[in-house]
Every structure is written in structure tokens, then in C-alpha cells.
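What follows is a group of structures, each given as C-alpha cells.
Shared chain: chain A. Partners: chain B in the first complex, chain C in the second.
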Partner chain A sequence: MNHLEKLKRGLSTVLSALISVAIGLAFGFIILFLLSLSTYASAGEPFTLKQVFDTAYNEGFLRLMKGCFYMVRRGLKTEISQAAPLIMTGLSVAFAFKTGLFNIGAAGQYTLGAFGALYCAIVLKLPWYLCLLASVLFGAVWGAIPGFFKAYFKINEVITSIMFNWIGLYAVNTLIYGGGTGAMYCAKTTKTWVIGSGVYEGTTIPNISVFLSEKPQGLGLYLKDTSIAIFFAIIIAIILYIIINKTTFGYEIRACGHSQTAAKYAGISEKRNIILSMAIAGGLAGFGAGLYYLSGVAEWQPLVSTSLPGFGFDGISVALLASSNPIGVIFSALFIAHIDVGGGYMNASFFPREIADIVSGIIIYLCAFMLLFKTAISKGISRVFGAKKELEGGK
Partner chain B sequence: MSEYIIEMRNITKVFPGIKANDNITLQLKKGEIHALLGENGAGKSTLMSVLFGLYQPDEGKIFKDGKEVKINNPNDANALKIGMVHQHFKLVEVFTVLENIILGAEDTNMGLLEKNRARKKVLMLSQKYGLNVNPNALVEDISVGMQQRVEILKMLYRNNDILIFDEPTAVLTPQEIDDLMEIMRGFAREGKSILFITHKLNEIMAVADRCTVLRKGKYMGTVDIKDVTKEDLSQMMVGRQVSFTVDKMDIQTGKTVLEVKNLTVPSKLHKNNAVKNVSFTVREGEIVCIAGIEGNGQTEFVQALTGLEKIKSGSIKLYGKELTKLSIRQRAKSGMAHIPEDRHKHGLVLDYTLEQNLVLQRYWTNEFKKAGFIRSKAIRKHAVRLIEQFDIRSGQGPITISRSMSGGNQQKAIVGREIDRSEPLVVAVQPTRGLDVGAIEFIHQELVKTRDSGKAVLLVSLELDEVMNLSDRILVMYEGKIVGEFDPKKTTVQELGLYMAGGKRTNEQTNEQTKASLAK
Partner chain C sequence: MPNEILLLIKYTLLYSSVLMMVALGGMFAERSGIINIALEGIMVIGGLIGVLATQMTHGMNPVIQVAVSVIAAGLAGMIYSMLLAFASINLKADQTIGGTALNILATAIAMVIAKRVNGSQSSKLDYTNSSFIFNVFGIDVNVFLFIGLVFLILSFVILYRTRLGLRLRACGEHPQAADSVGINVYKMRYIGVLLSGFLGGIGGFAYIVPAVQSWNFEVGVAGMGFLALAVMIFGQWHPIKIFFAAIFFSLFKSLANIADSVSFLSRLQWPKEIYNMMPFIASMVVLALTSGRSKAPKAEGIPYDKGSR
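So, the complex of A and B:
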């Protein structure tokens, strides 16, 4: 009974997520097909439906599904580098969900984390691990503020954290730009200084090549320039899973998430927990930014960054798809990064890359139905196992 | 035309791990009050949920006036004029009383709510049946008793003929219960048929015409009330003899455990204080009961005592240690166990498993925690022991999600958890609310055992039977004040009732009695 129950709960969650993904992809394909059809039709030349289908499949859907493996030499690095911050923002949102909070402020915390990391790297020239620590601290503070307002003034964290998203974004842009003379700002590229270059030795996170032999083969060849950030993200996910499920602190925050009144009755300080879990959520998002920018794959562009970093909001999708399970977050983040990279490889004359966003959007939408799938699946499992048990009993 | 207005034939309903209804037949005559009796988890609520369209039966048929009907949802039930007052009220807390009553049956004119017409109808109904409510109050602000009246008005507003009452008296005072009984009789006289779910035998004997008994999901039979005694019914329900009085030996009281002095607690509902200048003591080896009609400050008093709410002035001492400045956790650590009034709001984290809930007040002790990690094996062992000891029934044992358990078993889990902590003071607020006679007997015995082992019990109860049976001293609370102190051996239910209703008060006398008993 016990094991069956555990299996049922676990399996039905995973299966329902997979169903969401499958339906999302099916929708994606239909859109690709329609786009393909409209392109052919507007070309004014005769065409067959098979051509339409083939284009949609070969130059659209297949590349979307292949993701980085379409152009593995460059794609793999991009995908892995994107997955790392995505896991972190996903964890940030998932962790807050567990406490019953909706951390829509992951984007702002991510922005502050980026600032903390880049400031320590470019201005203070600190080693990368201290820069990472700074990103955590900056993000944590930015998360703790809405938490504080929620705990002491009962102001909904959604409202405050959205405001803090924008406050954070423009504050960071202003600080980095510094009227064109900011210490972190390179006027030539209109970005922050490239930290991978010689001047900032030691400020970048090491590459995977440190684990590899001199002349790596196969996958190693494609991965050697990728930073080890992804491993940090995965380790943090595992640690978080343990904290949530195996520690008394996790027991407390989940109790708060389910029922604030019962938590209060049990003597759990809900104020402390709200602030703490928002700070942790913020720290996680900030860490994601640290992992991304200290990997040397991108620079902050203070003049064009007028919208919030996408990683922050994609974190919400990642967390929802994973049912807020930290281990699930690893896989859902990899998936979102995968189709995002794949979207870029589609034939651009037919398909805009935003198809990937549509697919993930549909998936997130379907996540709302996950409970429905879950119940159905768990019923199905009971039926299968129940029948089996009766047979065994018959012996 | 059939003799029966509603007939449920051979109903079977299976949930994972439990057969809630096993081939049950229920026949309701027009104009009768039909009681449905059974222990917690006997399947009463399930059967009624089937009738109300909340569940679909796996087997069996339902007939209305001899014709087979399918009830797929509460709207179908409503169309058949079936109405239900649920044990846990189904009200929108942030809506007003009026809005709740009309919800789902809104009277509209060109898409606009006809609130005034609805208000008139509600006021008319409430006057006619003596169901006193304030249509404009928010449900979250009104008392449990008034919430129930709102639920009853909901049924009347929809002109329902078949009224299901799911344990309606659990939350009422003796006078209110009498009133409700009278209201039910009135309904029956008007030709409405009533299904009355309960496990209080006195009420069945007083008001019901016939009674169907369930035990562990099975049908035990239907009897005419005039042919049976209370003992017969309890035997049918539990399957054994049950004693209705608690055996309690006289024991010497010891040191003062709890000392409350001039405690004043502000009210959240109005500007007045909810608890006014309350002082009393509880000593080792005694059960002190605060009796009173619901809403006279008991809730606020207990919340102030346990730290859930802030006090205005006064002092609370446990073995001489001042508690008023301490947090909830620190008070619990100082030696106070608390069986809360609202098991869903405070007592349980409903989405936690049973075993997780059973350590809700202890997960931080070294028994269950090691270097910040939860000791899941210890928790499992603890849960298995308490489940066994307190007969907590559930579908999947320790890993059952608490939300899916029956109300009575949820309560048993809380009572078990708190008594098992063996703290010197147990604050029990309506510990047997909504429980069946078997469970009540058990919990009463546990409380007496706690007292006999030299601990102090502060019992807050609305049920006078419980008050009279259990307590060594009775304090009556009225409008936030202690208006009288009684020895249960020297008082009567009627006298208590008078004090509870505010008819009499003996402040000076109380003080003298307290002094006298202190001197002893």
C-alpha cells in the first residue's frame, strides 16, 4: 500500500507533466503547419500538402525538438549556459510556492544578482566564487524586501515584487551606465566590460575543460568551453530538495505554505518564515544571474535592457511545469532551454523563433490542468495495480 | 405515489482503501424526521453526499416519489428540492450573509441583482422560523451558530422540501439546540421531510420519528424511535455497550498550575473587549470547565491564553512563570498542550499527511529532529503508536492526507497528539465536537486519566452534558466575564443555563467561592 501510494503520487505527477509537454508540442506543430501553409500560399506557386507538411516537420518541428543537437558544436554550449540560470530562477519560484508565496519578482532579483556579480568582478576584481556570493546576497536582499512588507504589513508580495522588478532594473541600468562613464560600462560596445577577457582573469567561472583530458573526444569536445555553472545549479537543486523534504525548516515552510493559521498554532513564526523564504528565493534567482554573467557568455546592456530579463519570468514556467519539485526543476529548465535553442534553428523564412515561446506558453497553460491529469492517471494506476493485487491474492 | 419521498436502494460507494458505503438502503417518508445514526467514518456523510449529488454511487439507485432519479450534482439535488446543511459549512467567507443565501439562486432583473427583494424574503423567512441573522454581516465575522442559521436559510430560500442536516447541533448551545429541534418539528409539521445526521442519542430520542443506523459503512437497520431506548440505539451503532457517564474518583488537588489574573482581551469584531477582567486558577488534578454560550469570549480567551492573540492587560502564570510576553512556541514549551477549537484552521495542516500532523507540536524536539533533519522513522513510529492508541481510522494509515479523513478521526488525531505530549496543562476547547458516543467516551476517559495523573485540564465546552460529567469546577462565561462558579455536584443544567444566558450573575459570590476553595 505504502509503496504503491508513493509510486502513484510520483508517477502521476511526472506523467501529467509529460502529457502537458506532449499536448504543447502538438499545438506547436499545428501552428508550424499553418505558418508553413500560409507562406506557401502567399508565394503564389503551386504546392502540395506534403510539401507544406515536410517543411513544417523538417525545417520547423524537427529542429525545435532537436534543440542544441541541430548544431551541437555551438548549440550545446548555449543550451547548457541558459539552462543554469533557468534552473536557478525556477528553483526561486518553486521554493516560494512551497511557502505559499508567489515570487513573481525573480526577474528583479536576477537583475540585482547580475549587478552584484558584475560589480564584484569588474570593479573589485574579486575571484569568481566571491562574485557568486555577491550575486546571492544582492538577490536575497531584493527578495527579502517584499517578504518584509508581506510579513509586517500584509502587502501582497505579487504587487511589491513586480514594483521591485522595475525599480531594480532601472536602478541597475543607471548604476552600470553611470552617464556613460560607469566603471563597469564599456562605451565602445555599450555593454559591460567582457569579463572573459584577459584583464579580468579569475573572475570567470572555470570551464568544464578542467575536468577533461587534454584532447577531449565526442561530447567533451563540444562542452569544454562551457562553464561548470550547470553543475552548481544541479547541486543547489538537490540541496534544496533535501532542505524542503527532509529538514525541520522545510517542514515549517511547507506548513506555512499550506496553512498559515495551523503553522501559527504550531508555534512557527510565520513572519520570520515569509521573510526568510523570500530572501532565499531571491538569493536563488540572484545566484542564477551570477552563474550566467560570470560564465562570460553575455554582458549586461544597460541602454537596451528596458524589459525585464526573460530568465526571471521563464522561472515561473519552469517551476509550474515541475510542480515546484526542485529535482523536476532541473529537467523542466533543460527542456525549456532546449526548445528555446531549437526555436532559433528553425528556418527563419518560415517560422519565427517565438514558436518556442508559444509551445512553452501552452505547456504552462496546460499545467493548470495537471491536477485533472493527475487524478485520472492515479486512478488508472490503482486500477492496474489493484487488478494485479487481486490476481496475486488469488494465488 | 410511493410511500417514500426519497428512497436510496442498495447504495455502495468505494474510496481508495475504504468502502464508505456498503449496500445501504435508506427510506424517507414525507413529513417525518428521520435520523441517520452512526459513528465517525460509518459513512453517514458519504451517503448524504451521494444523495446531494456530490458523489456518484458505484452501485445502487435513488428514487424520488417512486421514480428513479439521477443526481449528478447539487443543482440536480436542488431541482428535486433537496437541501443540505453541511457539517463543515459551505459559505463564502468574504460574502455577506445575504449574498451567501442567494448564491446560486440569485433573483435578477435584466442581469442586475434584486438584492432588496431577496433581503425581504430572507428577513421574512428568518422571522417566521426564528432564525436570527444579520443579512449584511460578512460571514467571516459571524459566529458558527449564526453561520449554521445562514445554511438553514439557504435551504428555505430555495423552497426545499427535503432537508438534510449534517450534525447540526455540534456547534450549538443547549437552548439553541432546543430551538433547532422546535424548528425541525415545525418543518415536519409543514410537510417537509428531514434527514437528521447525528450521533447524539438524546436528540434522536427527542425529535426523530425513525432512525437508520450505520456501522463501518454497513446498514444495521431502521427502527421506530418509540420502540427503542437510547441503549438499544448505541448498541446498534457501536456494537457494544457504552457508558454515558464518566467514572471519576475524587482526588486531592495539588499545586496551582495555571493562574489567570485580570485578563482582558480586545475583540476583533467590535470595539468592546471580548474578555473582561477574568481571573481564576486551575490546580493539579482537576478539570476546570469554562461553560458558556458560543461567542461569549471563550474563543478569544483561549487564543490569548495560548498566545494566538494579543492581550490588553492582565497576567497568565503557569507554575508561577509569567506567560504573557512569551511566544506560542515558548508557551507550549513551558508546559501547555492545546486542543484547538477549529481543527481545520488551527489543529491540522490539512494537506500534510497524518504522520506529519501528529508531530505538529513536537517536530522540533530531539525525538524527531537531528541536526536540523527530520527523523522520518521516529515520526512513523510515533504515528503508528498514536493511531493504534487512539484508534484513528483512515484510508492509508500514517501517509493518509489529513484532508481526506473524516472529521471525527481528524479530531481524534489532534486530541491524541495533544494528550500524548503529557504537558502539565491541557487546554481543551470543545474536544468532542462532532464526535460519536464511542469516541466521546474515549476522549472523556483520556481527559480524566490526564487529570488523575496529577495534571491540570482547562476545558472549554458548549455541551452541558460534557460540562456536568467531566468537570470538578465549572466557570460560566457570559459576555466576556466569569459570572458564576459552580460545583457540578451541587448545581443543575437548568441553573447553568440561566447563568449562561445572562439571566443571573454572582460576581461577589464567585470571588468568595474562589477564596474559599483556595483556602481549602
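So, the complex of A and C:
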């Protein structure tokens, strides 16, 4: 493939992602406008359309777009701490996509990863890096199971992953809760114990302040309590990019993704690659949970058995928006975390924060047929380049 | 003891009608060739609109209230499933991704609407469900049990005794062959998905309304849609087998519900999550055992393109 061809493909991928985002945001604005309109209408006082628009824009849309920068003091930390697990679950889904597998099980692998990390931190009181390792192992095992069923029984990994999501959630909650007397369960908060201080000293990932001077200025001031988890996530994304694009293993993975039969014909063990790739995907998702829960920003709630952790499913949006490119995943994860934090800063008496979820839902829906955009844009670019060539040829 | 058995029967009946209806819906979609992972989301939307209709018809004749809200729930699910049909049939999108998007969207939409209706920051809606429940021989039976049985019979008849059913199944097995004898594959697949939307919407409503008098849409339908997918697989895409699979699964789900309160179960001291887990583990075992001769429609999940062969 020549450079022009590569550039064209990259450009159309980025453009189609931006189009999905733009359409998603446009829908978001329409919903904000309608909610604003219905609020004014039900108030019973006369109002102008400009007022409706201004409220929707200033108290809704602008804050959604500003994200953490609306209240940077607390927002930045939240956004960065959310971006780290999102990058990891995004990478998990993206890596499986490269092998032609749809890892809808990131949520379950994330759950197991959280259990591994918290067990090592709370019960075994291990240092944080060993806890992180445990989160990877737990997630990898949970990811390998659907891979195994796919490779040896030809059962669709989507079905298996969905079932193992719920099995994992129920199992982890049972183990943590332990009938109310579990070692990891704090009955007062109905969550797992808060880690990071006292007997749990050293179980949390260090904060960014280790890199900063005694009295940080500017952004450093807002970031000093944030854990360095985000850097791990970014480094992993870069490593994954290299593995997928520059190594034999990466080549084999991509070959399986394009055509399993062709890969088999070329002497690639497709069974081994499916299991391995699901195990890696699971490990990545598990690592994301480790990064989140070992950052000390949240505790696990074992009594909540009705829904799977949202980061797992958001990973699907992240991966799709990035067209499964590991470097792209960093940016799309930051974007999803950004509008999620922004959603919380909207004027809640007018606009529920779930509007951010609607925007990301619409974006995934559009991503499902992103190929259509891509072909159209690619054709458009060809026309521009083609016209230029003709002109040059005419000279 | 008899009381506890009655409680178990009550919950089993409640859940089995829900799981059966939704699984039958999934069956119609998959038999036409479209994987419907969006059942969970369709249930949420159906439940939401059904609950809103119940609130609006409060105080009316119970028969009218039941009819209006059930039909509203079904239609809402049907309209929502159009999004899946449009993406996967017309635009040839990836069906699992489209379905996942609809699941995420549904909960978000339901919460935004519920909060707006409440005018507060809680997504909990209150309603009265007395019109939906009858007392038969000391057991509370809800109207969805009858609706479910009617749908079961209808599904069997439609799928195996009508021309529509035959055509629908053909599109799920070999759409090219179906097209070559003049069957409109797109139309059949639309019918399959819309039927699943209708059944899924009513199923979501049936899960929410009979059991409690207020529902927090934050939890969606708590994974019932995914459980229904498992029921459909366990039932091998066949209406009668789905009926038995639904009863089997709901027995475990009911055991999970009453595990703490019922004496003979609490003596076992099994955490309730064990019962919750069992249906999923059972379906995994069945899937593994039957993997060689799975009854899954051959062409499910593959977009139909008239040009390809």
C-alpha cells in the first residue's frame, strides 16, 4: 500500500469518527432544546424561543462540551481517573476486534479484575503493583473462557461473554459480600473497605504529586492528587499499537480477523490465536479495573447485582469510535470521559446527566454503520486527489 | 411451608411469562436472520411507555387500562426495534454493535424521560397495578400469564402453520434461496424484528408492573433481556421448548428471590447469587453439549446483500 492510499484511509477513518461525534452531539443538543422548551412551557409564563435556546446552550450544551473544565478543580481529577479504565476497556474491545471477535464481555472481565485487585489489596495487603498484576490475571482468565468456547465448540463469543458477564458479577458480589461478613466488605458503607491509608498503606497507585515540585502551580495543582494510572494506560496503548502493527503475533492476529480460514491455510493456529487474543483482551479490561479501584477514587458495591459496571460497555463506544486503533482509543476514551463529566455539570433541574449517555449511545449506533461514511468519504477524497492529478497531468 | 411453595409458584409464574414472551420475540428476529441483542433495551422502552400509559389511564375501567397500556408497551418496543431493523437490514450494519448501542441508549432515554415526568432528579415512577392482578385459588395471578400463553400458541401457529412462518424461517436459513423464489427478504426480516420488538416491549412491561408499584429505571430491567436470550438458546429457537426453558430458568430466578426468606432454603445457607448464576451456567453447558448440532438459524447475523451469492 503506498503512502497516499494509507493517508486516504487514515483520513477517512478520522473524518467518519468526527462525523459520528458531530451527529451524536447534534442529537444531544436537540434533546436539550426540547427539555428546555418543555420546562418553559410547563412554567406557564410567556417566553421566547431565544430564551429556550440560551438555556439549552448555556446551562446544558456548553457545560457538556466543557466537561471537566467547567469546574476544573474537582473535575479534572474525576475525568482523568475515569479516562484510565476507559482506555483499558476500549483497548480490550479494540484488540478483540482485530482478531475478528466482539468482546462484549469487557464488563465481566472488568468485574473480575476489580475482584483480583481488591482481594490482593484488602485481604493480602500486597503492594499496588502486585495488586495490578492480579487484576490482569483475573481478567485474562475470564476473557479466555469465551475464547475457549469459541475455539473448541464454535459457540459465538458474544453469547458466551454475555453469560459470563452475569456469572462473574454474581460470583464476585457473593465472594465480596460473604453473607455480610466478608473480609473485604464494610457493613457501614455497604461497599468494600477504603484502601490507601492505615493498614492498607501502599496498596494504592501513587499520585501524580510524586513527579511534581513541593508547591505545584497551574494544572499541577489540580492534578496532584490524581493517580498515575492514566500514564500506565497510555503506555499500554502504545505497546499494543506496536504489537498489533509491528510483530509477527500482531500479523497473525490481524490475519485471523480478516479471514479465519485463510489464516489457517497460511499455517496460523487460529484456535490458539482466538484464545490468546480473548485472554489478552480480558487482561486489558481487568487491568482497567485495577487502575480504577487501586486509585482510591471509588469502592466496589457488592450489593448492586442489577447492572454490570458501565466502564465495560463504554469500552465498546471507545473502541468503535477509534476504529480499533490503540492510539485512537486514548483520544476517544478522553472524549467519552469528558462528556460524561460534563453531563454531571449541566443544570440538573433542567437536564438529567444521562444525556451524555444518550450522546455516546447514538455515537455507537452510528459507528455500527460507519463503513458507509468511510466509503463515501474515501470516494470524496479520491475525487479531490484525482482532480488534482488531472490538473497536474494537464500542465 | 405451603405458603412458601405458593410464593415460589407465584414468582415462577411471574418470571416465566416474562422470559417466555421476550424469548419468543428473540426467536422471531433470529429465525428471520437478525440477531436481536437489543432485547434488554427494548424491554426497558416497553416498560417505560407501559408504565406511563398505566399512570395516564389511572381510574379508568380496568379492562381498558390493561388493554391500552399493554398495547402501548408493545408498540413502543416495536417502534424502538425499528432502529435495529433499519441499521441491520437497510444499512447492513453489524447487528451486535447496533443492538449494544440500543441497549445503552434505552436506559439513558428511560432515565431522562422518567426524571422529566417526575420533575425531580429521581428516575423512580410510581403506579398502581391492581388492574393487572387477579386472585385464583389463593395465588396472585397476573394478566400477563394469559397474554403469554396466547402468544405462545400464536407463535407456534405462525411459525409452523402459516406461509409467513415458512418464509420467515427460510430467510433465516438461506436468504439467497428465499429471494430466488420471490420472497422479499428485507420485508421478512423487518417482520421478524418488529415482532420481537412487540413481544419484547410487552415483556418488559410484564416484568415491571405486576411485581411492584414503583420502578427505578436506573436499573433498566436488570439483565432480564439477556436472560431471555439465554432462554431462547436453551429452547433451541423453538416455541414449545422455549416455554419449558422459561419455566426452568424462572424457577432458579424465583429461588434467588426467596432464598433468604424461606426456611427450607435458608437452612442450606446458599447465597442467593448462586441461584441467579445457575440458569446461565446451565445454558453454557447445554450450548457446549449441543454445539455440534445447534439449531441456530444458519444465516443469523449476516446482513443480506442482494448482489452477493
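Throughout what follows, the second predicted complex is superposed on the first by the 383 of 395 C-alpha atoms of A that agree within 3 Å, B and C clash if a C-alpha of one lies under 4 Å from a C-alpha of the other, contacts with A are read in each partner's own complex, and residues count from 1 in each chain.
We take it that contacts are C-beta pairs under 8 Å (C-beta built on N, C-alpha and C of every residue); 3 or more make two chains touch, one makes a residue touch a chain.
Bear in mind that the values here come from a model prediction, so they are computed numbers and not experimental data.
Bringing the complexes onto one copy of chain A puts chain B in a clash with chain C. In the superposition on chain A, contact of A:Asp357 is made with chain C only, not with chain B. Look at A:Thr247: by the touch rule set out above, it reaches chain B but stays clear of chain C. In the superposed model, A:Ala255 lies in contact with chain B only, and not with chain C.
Touch criterion met: A:Gly267 reaches chain B, while chain C stays clear of it.
With both structures placed on the common chain, the touch criterion links A:Ile162 to chain C but leaves chain B unconnected. After overlaying the two complexes on the shared chain, residue contacts for A:Arg383 are found with neither chain B nor chain C. Partner contacting the larger number of chain A residues, of chain B and chain C: C.
Listed for chain B are the stretches 59-67, 77-85 or 95-103, of which 95-103 clashes with chain C, judged after superposition on chain A.
Comparing which residues of chain A touch chain B with which touch chain C, the overlap is empty.
Contact residues on chain B toward chain A in their complex (touch as defined above): 16-17, 306, 308, 327-332, 338, 340, 345-352, 356, 360-361, 363-364, 368-369, 372-374, 376, 396-397, 399. By the touch criterion given at the top, residues 1-2, 5-6, 246-251, 254-255, 258-259, 261-269, 382 of chain A touch chain B in their complex.
Chain A makes touch with chain C in their complex at residues 31, 35, 38, 102, 104, 149, 153-156, 158-160, 162-167, 170-171, 173-174, 177, 179, 305-308, 313, 316-317, 320, 348-349, 352, 354-355, 357-358, 360-362, 364-365, 367-369, 372. Interface residues of chain C, counted against chain A in their complex, comprise 35, 37, 83, 87, 91-94, 96-98, 100-105, 107-109, 111-112, 115-116, 121, 123, 219-220, 222-223, 226-227, 229-230, 233, 269, 271, 273-274, 276-277, 280-281, 283-284, 287-288, 291, 301.
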